[in-house]
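Here the chain labels run A, B and C in written order, and each chain numbers its own residues starting at 1.
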Amino acid sequence: MSSRDAILQRLRHRTGGELTAPECDFSVLNRPEWSTAEKLDMFERTIESVHGEVHRTTESGWIDRLAEILQTRGAGTLLIAKEHEIGKALQSATKSREDLPQLLIYDEPVESWQEALFSEVDAGITSTRGGIAETGSLILWPSVDEPRLMSLVPPIHIAVLKASELYTTFHHAMQSQNWAAGMPTNALLISGPSKTADIEQTLAYGVHGPKELIVLVIE
Amino acid sequence: MVDPIKVYPAKPPKVYFYGTCLVDMFYPDAGMAGIQLLEREGVEVIYPEDQTCCGQPAYTSGYHDQARAVAKAQLGLFPEDWPIVVPSGSCGGMMRKHYPALFKDTADEVKAAEIAGRVWELTDFLVNVCHIRLDDLGEPTTVAMHTSCTARREMGVAEVGPKLLGQLKNVNLVEQVRAEECCGFGGTFAVRHPEISGAMVSEKVDTLVNTGAKEFVTTDCGCLMNIDGYAEKNHKPVTGQHILSFLWERTNGDGSKRS
Amino acid sequence: MSETAQQSPHHIDVKEFHPRARAAIHNPQIRQNFRKAMDGLMTKRKSAFEGWDLETLRDLGANIRLRALANLPDLLEQLEQKLTENGITVHWAADGDEACEIVRDICVARNASSVIKGKSMVSEEMELNHYLEEQGIEALESDLGEYIVQLAEETPSHIIMPAIHKNTEEISQLLHDKTGTDLSHDVEYLTANARLQLREKFMNADVGVSGVNFAVAETGTLCLVENEGNGRMTTTVPLCHIAVTGIEKVVPNLEDVTALLALLTRSATGQHITTYFNMISGPRKADELDGPEEVHLVLVDNGRSTIYQDDELLDTLRCIRCGACMNHCPVYTRVGGHAYGTTYPGPIGKILMPHMVGLDEGRHLPTASSLCGACGEVCPVKIPIPDLLVRLRQESVDGDKLHPAKVRGHGAKRSSMEAMIWKGWSWMHARPGMYRMGTSLGARFRKLQPGKFGGWTRYRTAPKLAARTLHERMKERSQ
């Protein structure tokens, strides 16, 4: 008998007999209805408590703010998506202004440029599928256009979040977006920059992933 | 799975007093103090003569048949419907929490569960059933309190001791750091794993000494024996007493101290 | 560090708990490292749950796990089917050895010579690193704590914080000796150096091996909880990702994960959430630009289906591996993780490891507890750990045919002398007249009481019998 069948058989023919499944009441996860402003305040507080940086901006002002942020950090290159409106807006903006870093488009399989991705990219910008106020989390579903490593390898990750897409809890976000109907190959909650406390409980940022997480909130 | 919420009975005319073997042999004063406190509250105390031990030492050592035989001998001691009060979180916990499991699928299952439901830790009973009011007649003093792990976690009475001490106007209660941490007694654990138990009790005594209190009180004789025994052997400037003895001495009016 | 801790788990004799515990207790550095860390973790947990109805949340956690266990075989099949549909290959392993062979076979098929690892306690159970090295495949840990422990040729001393037994100075020295990093107490600097060294490894590794925190049956999703990003690297950069997990980690619905995650991170490190919650439901699709082209899941039994048979022991399988029980354990805090000599230390180790190594090997595990109940009090899924310890004590001293063996090594600790003592004790305490006579005699002749009681009086004075028992005083009173 294969291990699979042996394991399943042992589990099915329990000597203790059949088990009854208890009811699960998720109402303890419910939160009162919060306004967008309240959710944003909460989000800002929670993500800043774990070293994330929040910039409130607008549909028309975010590129200016981004340019400022990247300039203060001396970023020379910014990884963008090809098709997403964020990438497109940046591509068109860079034609008429000089304060943006060099734009790199993630449009080749990683194998063809892995070395460069790991060593030459200073920042990456991605969209989000919303945020979670209670835990200060960003929801990312990497895609063909915005691959997984965009938010992981560059030392600075910039995420664009629409304030209107903030949810109070993870539970609420998942239910509202009906995740159970189908998940992408990879989905992420990101709450702050990469960190570790493995050396004597002392926090250090940027251990494997980004050292900085910057959220541009479009109000 | 959820612990049933405690529903305290109305103050009864009588209670059964289950003294526990440690009190019986080593700390009878604490037992007498508990009995006298109850009587002063107008409760008649019935002391079943045939009581021995709740069975816990064998139970926690894994000798359940032997524990059951001893526990079974206790089941017949409480024929009337009076509450059973115990001057110990540990023995109280054994009877209240573990008797039902110990007698599960035996002829005594129903009886054990019925008795378990009547068991109360004595200080809890004084506060929440008798609604005791204490009049402090003692000299000003500072004490620390160690609530036993079973009193805290099995019987859920961590707030009771401080409440009682809070009624004593001349008593300054100070809290040691990591008050909720075990003192290292654990019954046979102290003998099977002496170094670990020793390390635990030495830290417990240090935290008690660091409060500046010269005396501490506790809900359980096991902890008392452990902490006080360590302090005595190592000449630490703190001595312990069962909380019941302490309460009685400070409020009984005849000025009698521990014998 | 005690010498024993530096041995590979293969050479650790679990039975030798006492000497290891003693060594740790007399090592001020170990004592201080653990005390400081555990104090911090307890405080953080407490504040992380402020404002929550924690009891109700723990009830939910327990019910979610119990519901999953109640349907375990069906859920495993559903998980397998969904994962397969999603393009993830599912493997089943009866024990650690078989799981190791599965991983090796995948590596061999891919011609892989190097493996990068994310944190996985099941791979520790399997002793995977050791096995792969023997097969000529390099296996490198990438979680900073695991990396430190691997460099030191040790095993993790905590399931969440593997290198918690070491302080900055010790780690600095280690990194200096093994990797040439400058001696420094600057944690930022030490971390940055490790980042550099490991990034190189991520790029070149052929296979990434990770654990799984929750496996969701309804969507075929593997969830990983982490802070560093090494888990994401491990599962994204190499072209092949192998996840290993215990068969109990499956839950029916994605919704279940929200509650378990809320409990897990707060219980473990006092975080509202970790930096990354990584949900993997498939390999790279044809048009995607990164991610592994192959994803495997190895479902490991290793004793779990045996634990599953018994209604009481079953609760052991609820565990979500948060480590809160060890953070709050006064014994663990005193002896540290290595003293146990087992993959999982602390209270969860004491109730889980006897099933894996047997009650003969693990004879001291269930007794090394004062049954203070701190572990059960903080367990996010309400595992009655003290009750299970008592149950295992019972299993290890039971010797008669009345009690069928449920645990490997059943009765291994039974000594006829000890059994006789308890029988005698029971005989006397079940007979009130005998008991009264015995205790009265004790009181009368208390001056003859021995002054020494083994381990007890090494640290304390002997208990003092009272001049008259309470029984005698009450008798006198009633006359």
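Please note the rule applied: contacts are C-beta pairs under 8 Å (C-beta built on N, C-alpha and C of every residue); 3 or more make two chains touch, one makes a residue touch a chain.
Computed from a predicted structure; not experimentally measured.
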Touching both chain A and chain B (chains): C
Most widely separated chain from chain B, with each centre as the mean of CA atoms: A
Two chains sharing the most contacts, counting C-beta pairs only: A-C
Chain A and chain B, separation of their C-alpha mean positions in angstrom: 53
Centroid distance [mean C-alpha coordinates] between chain C and chain A, Å: 30
Residues of chain A that touch chain C when the two form their complex: 2-4, 6-8, 10-12, 14-16, 19-26, 28-29, 46, 50, 106-110, 114-115, 118, 134-137, 142-144, 147-149, 152, 169-171, 174-175, 179-180, 182-202, 204, 206-210
Of chain C, residues touching chain A in the complex: 33, 36-37, 40, 52-53, 56-57, 60, 63-64, 66-67, 69-73, 76-77, 86, 92-94, 98, 142-145, 148, 161-164, 166-168, 171, 187-188, 190-192, 194-195, 198-199, 202-203, 218-221, 227-230, 232-233, 236-237, 247, 253-256, 258-259, 261-262, 269, 271-285, 287-291, 299, 301, 305-306, 308-311, 314
Chain B to chain C touching residues, read off their complex: 1-2, 19, 21, 23-29, 31-32, 35, 47, 49-53, 55, 57-67, 69-70, 72-73, 101, 149-150, 152-154, 178, 180-182, 184-202, 225-226, 229-230, 232-234
Interfacial residue positions of chain C with respect to chain B in the complex: 18, 21-22, 25, 31, 39, 55, 59, 62, 330-331, 334-335, 364, 366-374, 376-377, 382, 387, 390, 392-398, 402, 419, 422-423, 425-427, 429-432, 435-436, 439, 442-443, 453-466, 468-471, 473-475, 478
